[in-house]
Every structure is written in structure tokens, then in C-alpha cells.
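Take a look at the structure below.
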Amino acid sequence: MNKGIGYVTVGDSFDGYMLIKESTKGVASNGKPFLTLILGDATGEIEAKLWDASKEDESLFIAEKIVKLAGEINQFRGKSQLKIMSVRPAQATDGVRVSDFVEKAPVEKEVLSDKLTEVIFEMDNPVLQRIVRAFIKKYQEALLTYPAASRNHHEYVSGLAHHIVSMLGIAKELHKLYPEVNKDLLYAGIILHDLGKLKELSGVVTTSYTTEGKLLGHIPMMVEEIGLMAKELQIESEEVLILQHLVLSHHGKAEWGSPKPPLVREAEILHLIDLIDAKMNMLNRALDKVKPGEYTERLFAMDNRSFYKPLFEEK
Amino acid sequence: MNKGIGYVTVGDSFDGYMLIKESTKGVASNGKPFLTLILGDATGEIEAKLWDASKEDESLFIAEKIVKLAGEINQFRGKSQLKIMSVRPAQATDGVRVSDFVEKAPVEKEVLSDKLTEVIFEMDNPVLQRIVRAFIKKYQEALLTYPAASRNHHEYVSGLAHHIVSMLGIAKELHKLYPEVNKDLLYAGIILHDLGKLKELSGVVTTSYTTEGKLLGHIPMMVEEIGLMAKELQIESEEVLILQHLVLSHHGKAEWGSPKPPLVREAEILHLIDLIDAKMNMLNRALDKVKPGEYTERLFAMDNRSFYKPLFEEK
Amino acid sequence: MNKGIGYVTVGDSFDGYMLIKESTKGVASNGKPFLTLILGDATGEIEAKLWDASKEDESLFIAEKIVKLAGEINQFRGKSQLKIMSVRPAQATDGVRVSDFVEKAPVEKEVLSDKLTEVIFEMDNPVLQRIVRAFIKKYQEALLTYPAASRNHHEYVSGLAHHIVSMLGIAKELHKLYPEVNKDLLYAGIILHDLGKLKELSGVVTTSYTTEGKLLGHIPMMVEEIGLMAKELQIESEEVLILQHLVLSHHGKAEWGSPKPPLVREAEILHLIDLIDAKMNMLNRALDKVKPGEYTERLFAMDNRSFYKPLFEEK
Amino acid sequence: MNKGIGYVTVGDSFDGYMLIKESTKGVASNGKPFLTLILGDATGEIEAKLWDASKEDESLFIAEKIVKLAGEINQFRGKSQLKIMSVRPAQATDGVRVSDFVEKAPVEKEVLSDKLTEVIFEMDNPVLQRIVRAFIKKYQEALLTYPAASRNHHEYVSGLAHHIVSMLGIAKELHKLYPEVNKDLLYAGIILHDLGKLKELSGVVTTSYTTEGKLLGHIPMMVEEIGLMAKELQIESEEVLILQHLVLSHHGKAEWGSPKPPLVREAEILHLIDLIDAKMNMLNRALDKVKPGEYTERLFAMDNRSFYKPLFEEK
Amino acid sequence: MNKGIGYVTVGDSFDGYMLIKESTKGVASNGKPFLTLILGDATGEIEAKLWDASKEDESLFIAEKIVKLAGEINQFRGKSQLKIMSVRPAQATDGVRVSDFVEKAPVEKEVLSDKLTEVIFEMDNPVLQRIVRAFIKKYQEALLTYPAASRNHHEYVSGLAHHIVSMLGIAKELHKLYPEVNKDLLYAGIILHDLGKLKELSGVVTTSYTTEGKLLGHIPMMVEEIGLMAKELQIESEEVLILQHLVLSHHGKAEWGSPKPPLVREAEILHLIDLIDAKMNMLNRALDKVKPGEYTERLFAMDNRSFYKPLFEEK
Amino acid sequence: MNKGIGYVTVGDSFDGYMLIKESTKGVASNGKPFLTLILGDATGEIEAKLWDASKEDESLFIAEKIVKLAGEINQFRGKSQLKIMSVRPAQATDGVRVSDFVEKAPVEKEVLSDKLTEVIFEMDNPVLQRIVRAFIKKYQEALLTYPAASRNHHEYVSGLAHHIVSMLGIAKELHKLYPEVNKDLLYAGIILHDLGKLKELSGVVTTSYTTEGKLLGHIPMMVEEIGLMAKELQIESEEVLILQHLVLSHHGKAEWGSPKPPLVREAEILHLIDLIDAKMNMLNRALDKVKPGEYTERLFAMDNRSFYKPLFEEK
């Protein structure tokens, strides 16, 4: 049995099932067509070339299909590549399902849902609580399945909810250490800060940007949504404005997409908690794939740094 | 009779009425209280010190009162200052009104209103026209009296409408030169782009920033307003999104407050027209105050440049 | 009959004539030589590989030759590529001329020339008029055929004159809206601002940079030329200095190649008009190639943005 | 009885004791000498002018002396200033001590010391523990009394220890949420990261920079100290290098004084925890001085932002 | 006898002659006029206030007059200021001349002239030599008396020639160490690189910027001059272009005023030699005024750094 | 007989020996393995592909082996590539040694060593001399063989010593021109400034970065080493701190790796001398490979500029 594709190294052979994530036709230098496949399972992705692809191959090996492959891991321009020995579409009798080949949050959807409910229950400010409840109700299903991004961090099924719940964990502890922090405001801000992504990203499976996402972005879209929701709930107190500000400023700087920087204590702390959880998610997953004494691959969203795992780390 | 305070030079004497725009109490090095007054009329502003101010003076010489002064223009740390010889509050019998001491657009309110109406009448796209009409109706009065900014450009009564109408003039001509430009979209974008300022700025007379203005800013506020208005008018076509994008991107860059850069042709051209009209307004007013062969004062919003008026310019 | 190569999409077949713009020899992974051809017609360019190229092929398929090709449009690393099925040099009997395969301004040379004459005729300042006339006379032919740049905007035959004439159109209208603008100075600045490109660029057909262009650049070269011309015409009034300043500052900022920023009103407005016309030229040509609901290719000279064409745009 | 000077507002009168923090002689515009005094107590600072200062005044009112003052709070160039009505040096019989007028950490020195001991006790890695213990022993006294900086955050007696202990609190919780984090390494990094300040800053009372601090800075100084300490303790394992890296990189970026960015997970998290605690310290102290609905003064070390305290905050 | 004003410290008294460099009228807070004088001698400058200035004072104490003063050095807002005890205009019988109160290069004009002649004599390339000779002849007098700048470095009589001669000294040695360097080209570039300042700066005594200097700057002006001179001398070889490039690029970067960076070896080395000589001039003069163990004042043109003079430096 | 590989141009044939510097396995589009070889001799490097590589080839053609090749120089993606016609491992009887294929400083090791000794002998300050002697003794062998960098400048055997000796040459001359410079301090700084590279780089032959080099960098490592050495030599005078500062600041700016900018005169001059020698080394070697009238390849470490060699340069 194979370990996941995220864990193979150059020279390994591979024999098993993977999901086709992308399939692009090309023409080789000998004039014959080939397919470039992005294949994946729940642990990672790899590129492969299917040389001399027939018309039939082109129709069989398309995105969101599962295939059975045998091959070897090579290196090409510094990246791993699967050299295909044999490949065929998976069949009903193979008993494999798409959902098994998609990366998922390490925490179950139900657990994430319970944690959210619990936190909302702890909130004392009735206005903030009402707004949050209304959004949870409106987006219940999407909120529990969407990724938090199309790549970089929490880019997996239930990634958004996982990110929110991790952030709430940090918020709870920071509130204990700094009791001046308004817990309810911070909780509400965390839960709502990225909900605009439900409209900015196209879906759970193949995650691209919607036109609305490209032209407005999730931040102004969510500011508007809070305004509409408050109108619907007939709420007019200052909490609405402050919540909008938390969402608006959570990227921290104009260059990073927040037209206003944090100007309220909880906005600043929300920005910092967002940074920590995103970075820990990227770092832990990258370091998990290397051994002590080695460096991770370069992490694009962390200034392209390659991190070192000290020799004295337990495996 | 005095020329306006915006045209005096060091050494001139002054005898006339001005409006107190700000009045701040200080204590001189001899321990006695004094008032720092910012005085103005329709042509400009000047600072003055009222030494040895009595308790009565403090209550008489306050913001938004008109005073009669005689004095001389001195220089202090490179800026003009009025040395007060005599000062008294204006009286009913003086026949002066606050509205005479406030800078106003060089075009009458009624003319601006007519031009707006005319442009809206020319629009062919019914969706864009409906949205624009709804906003004009909602903000009619404020739109025709507000300044376009608290300083730098069009910072006078009816400045916003003046700015909009000038921009519409440029748009009309550019549309003739580049017929690919969608005239209706561009007109709608120009009329709405700065309407958020009606909520961002506190008022016509003493213009400061509202809390909402500080925490959200006029751009996201207007994006939200367009969303709400569309909902009210039950409009769901793409024009709404594109209009929101025009407003969102009209500052051109994230660093300048637009989380998305212009990504639609008319958004780009709106941004450029906004630049031209703001710069021409600043430049023309500054150059109007100097003679050929001289330099203007440094213009903060134009990278602090000091502009030269060539010798061959007609006065 | 084919539509132009600028309008084909992946999957189309192509059968017709194109001009070879570049031809470079390479060696394939099977050790055999091949040619990389950049082919073009009046609507655009495409790359093609000629595999297994013989010595004869190498001598036949060289830059500035016309070829007849049949083939299919493929995609390679995200860019279109023509897969050649058959190719032969064009023959005398084919009746095709190089000039038919070069992109040209959408306005005739004669029309551009007339417009220039007309504008010069409108100038009242005799000094500015004399200098402008002298340059027009000196560069008449080149001025009417050169491109305005080697790529990005107005990079076609008569591109420079087209750019100048468009800018003059904007200037005329802005002068009406802002009568303070010195029309003559602005017209003179527009006509001369890019004439240095006649020496910076190597020619109309294959446009590269001259040594002089690389080591000095068109801006300082033109400042010098104005100085020399004034000397020749024995003009010593301030107009010369101000014209040199307009040329020197027209890129707006030191980082963009202007050692002095605009410090005269018409210099500022010249810079803005230059921006508008260059951007509209790029935008209109890129949007012309996509359908409503689609995005343009990334435009390098516009911060690599990809623009959206709204669904409600008429085709 | 007065509230602390950090809590007075313009118009208040003041009658009580303060410590002179700085005293500078000047000459007034009437040619007479005066003293500019920076006065402070445990809650804040204020400037005052002592006009017509005699030679005796100059010798009496010097830094680190306590004075008894009566006066009124005025505003001068936007900052509060104390207008002195009467002033005299404090006398033995007044029963006031310098230590009462210096700001101190809100946690007692003994408590901070106990917390440190407790954390070190929890460490499992013997190498890291030995190094940390050696430093604690070497700097015991200074570590418990020094400020963490000369201004901005934790700039009070025991500020450094307070900062360390707060950071350890965050580290403990983050370790629970992200168990991959190496707790011992992170604890050691936190305790040592700013110890170089004990040599960079001149002292507890009047905190300026030493020559060594100016020419090398606390970061390279501490990297060197860890090297020397390891040599002394005859430790050669990789922990030394990694600890040096944590100290070296804790400012996060080259521009901020870290020649290497964090390249080890715990280095990244140390940098983030440092940010959070410094920011919370600045924010909480600034917000503590304003009422709901008001803005704080501009916070220089937080990009000069002025923070808003929402109306719904409990006082 | 006084030491020069550049060497006094706070608390010193002063009794002697100085030149008035600037005189500005102001009005004191008691309503009486005063004069702000910038006074100087060959070693430095100081500010002084002349309180209660009469109309006669205003006409006596003007720029370029010598005065006899007695007074004391005070500190005002962190800068030294002379408190005037007595002051009178210098008289014929005092035997003082303006030229004694102006800072001059530490090397005699004649010596600088000889060095230049010597270097030109060493040049082998006849074209470069002819151009250089022609400029020396054209500007002989100004070249030997002008400063190299209005402030920062070599801002004294004969500063430009001093700067050129120092740079030639470095060039000579670098040519020995790197014989690949074209000595003649480098010498010519050094002699001409800043000659544009003769037109950019208004004069030797009170050095401000000319209109031409503000609108074009010395670099494009000198590029033009070389072109005109070459035309006059009927030289057309590539040396002209390369010399223009050396002048154009000698500031090193577009942001620093060079539209093209150095693209020829000698252009790069010219830029570096210019940097060294300017920096050494600033540094040596600033360090000359402080004692071992002290810091210089902040040097604006060296990134506002304050330099340390080590204790082990001989005085 | 071949000229070195650094001097071939496209179209040349090559027949001779080269050293394999890197060998990487790949898989071609036909599914067959190939080797990418980086080959070099004392004059430069070139890439080559060995197609259809057998298992035996993979074991024969590895890094640090010499091979005999015949082939032709082609162009691939704008870079030269050797097309291999025949290749075999060098044999004992070929009489070739690895040391003949490695680039070396143009000055002999012994000469460099003598120059260093001579300079140290000239130093008068006993403290600086002792420290320098101790380091020379400690690192004698490595110091004379290491490169100064892994690429860009002085990246050859004895490159570090060559760099140091060239810099000392410049220092000597600048000291004559600016006698205020402390010669001993500058000499000591130059000799020590890059010694940290002996630990940062992995070795002379295949130069990569050590873990210590990656996590700390040569600058902080050398600052620490000076501290340790001073402790060992029981030196406590200020020279130690100043030397550490010279090393710490020699990159000039925080962004370039120096947490403190130069704050001592000799630190500033050391930084400038380092720049000159590194740039002259890169420039001279690049220009040596092109003919008059040509441009060098783009030089990455010189802002990617391509330098021009004037026509009037002697070959």
C-alpha cells in the first residue's frame, strides 16, 4: 500500500489511485499531443505527463475523475514529477470515492460546528450575538465545508471553519491574559472576518475566484453584507460599525487590502490572531514533511522562506 | 476697501471683516493668556494672535463668529500672520453674514444642479440611470452644498458638485475621442464615486471626519450604499457590481485606499479624470495667486511641489 | 479566408500568409536543429516551431520574409503557438507585400499630417510656433512613420504621430474646460515630447534601441536637441527653457526617467494626457480581442492587470 | 488629593509632588533665562516652563529631584503643559521618595521572579535549561528591574521581566493549541531574546543608549553573549546555534534589525508573541486614559495610529 | 581673540566680527519687531535674534554686511544661538574684509588650477583632451571659485575645483590598481561631471538655485552643453556620447537624478569616486569639531547619521 | 587547442577537457533518462545535456570528475549550451588535474600572503595588530584558499585573500589622500570584515552555505568571533568594540544585512572600498569577454545592468 503522494520522494515508485485535479493538452517537440495532469490525494499533489495522448485519452482523463496509476517519482526542474508507467480510469468496482482524495481539515465538521455553537453561547453582548447567529444560520452549510483560501493556508475542505475555530481558541486564551480585551467583539470579528470568501471563492472542490471576488474582494463584500444584515435585523447600535471595521481592517494595511488599518483594540488583536493561525498552519504542514536537519520547500506566502527543522526535534 | 485675505502680502495693512474659523487659548511666555485665531473670508485664511486675552475676549471671539479687525500682515516662521491692531465682534448693524465669508464654488448651485440633470437625461442604460436618479433624489441638498474634501482640492461650499460637474465635462469629451468608452457607466461612476463623503465628512461649515468616516472611509461606505440601494430598487443585473467596482477602485491603488485597482475600462478612466480635475483645481488656484516669474507655495497634495509661472504668461 | 492572427483562439486552424519577425535556431532534445519563428500580420503575432529544420530552411525562413503556412493553434505554457502543418516562402505570384503584414495606425498618415498642420496653424505664440515648425520640417518623414514605442502602446507604423494627434485632441478639450491652460505651450510640448524616440529607436520595421538610446535615452536627447535648435534659430526667450522642462518632466517622476517632476502647469497636464492616451490605446486594443464576460490577457505596462469586459457591453 | 498627572486634562488645576525628569535652561524672548522641566509621577509626564529662573533655581530644580508644585493644565501646540503657580523642592519632612514617582510594572518583582523560576522548572531539554539558568544567575538583579525599552512599550521599572513573563504566558497557551511547537526552545528564546538590552540601555532610572548599544545593538550583543556562555559551559550541541538564531531573528526582518528572518518555527512564533505583547501593552495603557467614544493620542510605535474606544465598552 | 564660530560651545562668550548672511524681520509676542540674523565666519554659522529692532537697525543689519558683536552662546530648541549683548556695523577703520568671513577650500586656487592643468597634460586621447580644454577655457574663473553645492559638501569658495581635484587624485590611484580603467575618459568625466552647477547655482557668495537649475537641473544642462561644445569643435566621434553618458549617470540611479544608471565602466567608477569624496569631505569636517568619545551632529546628507569618534583617536 | 570555455561563442566547436561541476538526472519527453551537466574550466562554465544516459553514464559522469568532450556551442533559451558529440572520462594517462580546471585568483597565493604580512607589519596600534595577527594565525590556510563568495565577485580559489589585498591597496592610497583616516583601524577592518565567510561557506571546491551560515550569516558570526578572540587575548580596550562595529556595519544598510549602518569614519570608508573592489572585479571580468562596441551579459549583482564597451577602447 502507498503512503500519500504528499510523502513520496524522488526515486520512489507509486501504485494506486489519485484524483485528476487539472488536465491540460499540449503538443510535444515531436509534434504529438500529450496531457499534463495535476494529480492529488488527501495528502498532496504531483504533476505527471501522459505522452502520446489519444483522442480517447483526452476525453477519459479529465478533471475530477479518479485514475489508477503505476509509476515512478522523478525530478524535473527541481520539482517532483510522476513518470507514468500505466494508467486507467477507476471503475465502479474499485470502490473509490472523490471525497477520499480531497484534503480535509484534521478536525471533523461536527466538532467544528459544536465549538462554534459553544463560543456563541458564551457571548454576553446581545447585539453581537444576534448578528453572528444570523450569519451562522444563513451560511451554515458552506461555512462548514469551504476552504479558507484557494492556496497557502487552510486550503482544504472545512478549512474556513477550522481556521475560525483555531482562532477562537487563541482569542479565548489572550482574553484571559489581557482581560481588557472585549471577548464578545473579538469572537464576533473572528467568526465573520472571512465569511466574504463564501462569495469570493467559487466552491469547495475546484476553488477559483468569482467575478464578484475579483472586482470587489471578500473584504468589501462582507462589510456590505453586515450592513444589509443589520438593516434586516433592524439593529442600529454602534456594534454594527465596529464589526464592519474589524472585517475591513483585518488584513492590517492598505497594501494588503484593508483600506483602513485596525483602529480599535480588538481589530488589532484579530489581525494578529489571523496571522498566527495562518502561519502556524503553513509551517506545521511544511515541517511535518521534512526530517530533523532538513529544510522545508520554500513557502511562498511566508516571504519565500525555507524553514529549518533542528536536529534535536523529536520526529 | 480690502481685497480678500487670500491676496494680501507681507507688509499690507488690513481693515475689514473676517470669520473666526478656529479659536484656541494659549499662555504666553509672560504667563498671560492669549487666543490663536484662524480667520478667513471667501478668498483664504490667516492666523492671528490676540495677546492678553481677557475672560470676556475668550467668550466673544469663538468659532463661527464674524469680527471686524484692523491690523498688519507680518511674517512668522515663514507664514503670513495678521498683527491685530484693533478687533471687535461684528454687530447686527454691520450687515455681514457668515455665508459671505465662506469660500464657494465659482459656479452657482443652480447651474451645477442643471448640468447634473442634463447629464442624467443623456444616459441610455436604464439600470444605471435609475440608480443614479435614486441617489440624486436621496442626497439632493447635501450633494449640492458639500465640499469635495476637507482640504487640498474643491474644499469649498458646493465643491463636491463642482468636482462632479467638471469631471462630467472631461468624460463627455473623452467619450468623443475614444468612442469605445461606455458613456453611461462612466457618467454614473463619476456622479457616485465620492458620495460617500456626505457621510465621511461632518458638514459644510466646519469639515471634520465622522467616526464612521474614520473607521470605514467613504469608499467602502459607498460600495455598501450602492448594494443597499440596488436591493431597495430590486435591481440585480451586473451594472450594480460594476458600479460598486468603479467606486471601490477609483483611488487607483491599494496604498491609496482602493483594495482593488481599476479592472474595468471605465474604472481606469474614472480614476484618471478624478486625478486631472483635482490637480487642475489645486494648480489653477495656487497659480492664480502668483505673478509671472514667481513660484507658488508648496502644494502638499502634489508631492509638495512648488510650481513656476513662466514669464510669458499673460497676467 | 482567415481572420487576422490576433483574433485566433486555441483549436482554430490557420491557412494563409504571415511575415517572419524573428527566426532563431535551436537544437531539440533529439539533437536535431529547429527554428523558432515569430510570425505576424497586421493584427498580431504568434510563435511557431519548425522542427527538423534543414540548412536550406535556415536560409529561407529568416526575418522580414513572408511565408505561406497551414497549421493549428495550440497552447504551450499558457501561450498560443502555431503548430505548422506546411510552410513555404511566398512567391512573386502570390501578390503579397511586407507592408500588408505590419500593424499600422488606424488613421492614415495624410490625415495625421493634416491634423498636425492644423494645430500648428492655431498657435499664437510665435516663438513656440517657430520651434515646432522647425522640428516638423526636420523630421517630417520619420515623424509620420515611426512607432511611439517598441512595445506596449502605439507600437505600430505611424504610432508616434497617432499618439501625438490623439493627445492634441485631448489637449484641445481640456483647454476649453480649463481656460487657464496655455494652449500653445501645451500643443508644443505634446508635439515635441517624444521626438527623441526618432533617435532612440532603430527604425520602423524592426524596432530596437540604438546605443545612443541606451546610454542617454530619448528625454535628455530631446532636451539637447531643443537647445541646439534654439541656438540655430537664434531664439533666447524663456519659451525654450520651459519647452525643455516640459520634455524633461513628461514621465512625471525621477523613477520613471524624468530627473525633474512637472513644475509648470502645462508640464503636469502634458504628463496626464500622455498617461491617458497610452492607457486608452492599450486598453481598447486588448478589450477589442475579448468578449463580454471575459478578461483580457495581462497587460504588462498596466501593472500586469487583466481587465474585465462587463456583460452589458455591446459587442 | 490629585489623581496622577497621566490623568489630568486641560483646565484642571494640580497641587502636589512630582519628580523632575529633565531640566534644560533656555533664554526667553525677553532675554531672561527660564527652565524647561519634564515632570513626572508613576502615571505619566508633563512639561512645564519655569520663567525668570534665578541661578539658585537652576541649581535647585535639576533632574531626579522631587518638587512640590501648584498650577494649572494648559495646552501648548497641541500638548498639555503645566502652568506653574508655585514650586519648591520637596523636603525631608514631606515624606516622599523617588521610587514613588517612577512608573513600575503592574506586577511585583517577586511575582515575576517566581513565574520565571516556575517556567524554567518546566523545561525538559537539559541544554536549553542550563543556558537559561546561567543567564538568569548572571543578570538576576538587572533582569528584574530594567525596563524593556527606553520608550514605547514596557518602558518602566521591571518592564523587561514583565514583558518576558507575559510572553511566556502566551507561549504556554499557544503550545497547548499547537503541540508541534517546541515549548522548551520557545521558552528559552523568550527569556533570552531581549537580555542584550541590559547592556544596550544605560540604566533603570534615566534610560539612554550606551556606546556599545549604539554601535552594535542588543541583538548582535546577545548573540555573542550566548556564544561566550556556551563556551564557558562547554556546550557544543545545536541548541546553541538555534538559540542564537531565535535572538538574531526576533525582529522579523532585516529592515527592523534582524539580519536573518525567522527560519525555525519557534523563531517565527517568538517574533509574533513579541509583537502581540508589545502592542497590547501600548494599546491597553493608551485606551485606559480615554473614555468610550474617544480616541487615544497617536501611538508612534503603532504607525502613529490613534485608536477608538467604542461607546459600548464598559468604562 | 575668538576661535571661529564653528568651534564655540554653549556657555562660551563671543566678542568679534562676523558677516551677516541672512537678515529677516519678525514681530515678537510683545508686538515689537526683531531681526533674525544668520551670522558667519570662515569656520561656520550661528543664529542670533536682535530684539526691539529700530527702523535704523533694519537698514544697517542686512545681508553681506560685517558686524562687531559681543554675546554669549545659548541653546534654543537644541541648536546653538548667540545671545547678543552689543552689536555695531564694522567700520572702515576696523580693517575687516568680506572675503575673510567666507569659508574657503583648504587648498589655494592657484594650486587647484595647476593640478587641473597637470592632469589635462597627462591625457592621451586627443578628442577628450580637446573637449576638456575647451570647457576649462570657457569657465576658467567660475570653475575656480564656485562651491560644489549650496550645502552638505564642498559648500565653500573654490569647493567645486577642490572636489574635482580630490576626485582626480583618487582616480589616478584607482587607475594604477585597476589598469583596465580608461584614465583619460575617467579624468574627463570627473572634470566635467558637475560643471552644470555653474549655471544651476546663482553664485559664489549667496548660493541659491537659478530658474534654469530648478526646472532642468545641472545634469541635463551639462549633457546639452557637451553636445553644443562638440558641435562647435566639430567633433563627432563616440567619445562625445560616452562623456555625455558619464555626466548623465553620475548620480547612479534614477531616483537620485540620473535617468540612466552607469552603463560604462568609467561611469560606474566616476559615481563611486564622487560618493567617496563627498562623504569624506562631510565626515572629516564634522569629526574635526568633536572630541574622542563624542558624536558628531546628525549629517543630513548621510542618512541623518551621527558619527562616533573613537576614544583611541589622536586629537 | 581550445581557448577556455569562458571565451567560446555560439557556433564554435569545442574539443578538450572540462571538470563536471554538477550532474543532475532528468527524464526526457521521450521517457528516456538524460544528464544535465554543468561543465567548467578555469575560465568559465557551460551547461550540456547528455541524452539517453545509461546507468553506467550516471555513475561515470558525476561532480568533480574530469571529462574529455567534443561538441558544438548552441544557444538554448538565450544561454549558451554545449551540444555533446562525444564524451569520455579523463584517464590517468591524460595528465590532467582537477586544480587546472578551477578558476583561481590572478595573483599567486604566496604573493597575497606576503602582501598581508607587509601590511600588518605597517600597523602601529598594538591592540589592533595583535587581534589581526591572532586571526591570521588561526585561519592561515583557509584564508589563502577560500573564495570571497559563492558567486558574483571573487568567486574563485584565493578569492577572499585577493579581495582583501586589493582593498588594502585602495585603503593605502585613500589614507594618503585623506590623512585623517585611521590607517590601522581601516586595515584591521578590511582584513577581518569577511572572515566569517570561512564558516559561512562550505568549502573551496563546491561552495554552498553551512547551516550556521544560513541561520546566522557571516556578519554576526564574525562579530562573535572577535569578541571571543578578545577574551582569549585578554584585551578590553575600545578597539574591540570598534572593530566589531566595522564588521557589523560593512554591508552599509539594514536591508543589506548590517543591523547598524557605519557610524565610525573608517566603517564608512570600509563599506565604500568593499563596494569598489567587488564592482571592479565583476566589471573587469565581464568586459574582458566582449569586444569594443558590444555589451556584457547582464550582471545580476549590479542591478542586472548590461555594460557597454566603447568603440575607442583598445582591445
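Structural remarks
Per-chain residue numbering starts at 1, and chain names A, B, C, D, E and F are given in the order in which the chains are listed.
Operating definition for what follows: a residue touches a chain if its C-beta (ideal position, glycine included) is under 8 Å from a C-beta of that chain, and two chains touch if they have at least 3 such contacts.
Only a predicted model underlies this, so the values are computations on that prediction, with no experimental measurement involved.
Taking each chain's centre as the mean of its CA atoms, E is the chain most distant from chain A. Centroids built from CA atoms put chain D at 60 Å from chain C.
Centroids built from CA atoms put chain E at 44 Å from chain D. Averaging Cα coordinates per chain places chain B and chain C 40 Å apart. Multi-chain contact residues, meaning those touching two or more other chains, occur in chain E at positions 29-30, 211, 214-215, 242, 263-264, 308.
The chain pairs satisfying the stated touch condition come to A-B, A-C, A-D, A-F, B-C, B-D, B-E, C-E, C-F, D-E, D-F, E-F.
Residue ranges of chain C in contact with chain A, taken from their complex: 28-30, 34, 49, 51, 74-76, 81, 83, 308.
By the touch criterion stated above, chain A contacts chain D in their complex at residues 125, 127, 166, 169-170, 173-174, 176-178, 180, 182, 185, 237-239, 242, 261-265, 268-269, 272, 275-276, 279-280, 283-284, 287-288, 302-303, 305-313. Those residues of chain C that touch chain E in the shared complex are 211-212, 214-217, 219-220, 223-224, 227-228, 231, 241-242, 244-245, 248, 254-260, 263-264.
Across the complex, chain B is touched by residues 24-27, 29-31, 211, 214-215 of chain E.
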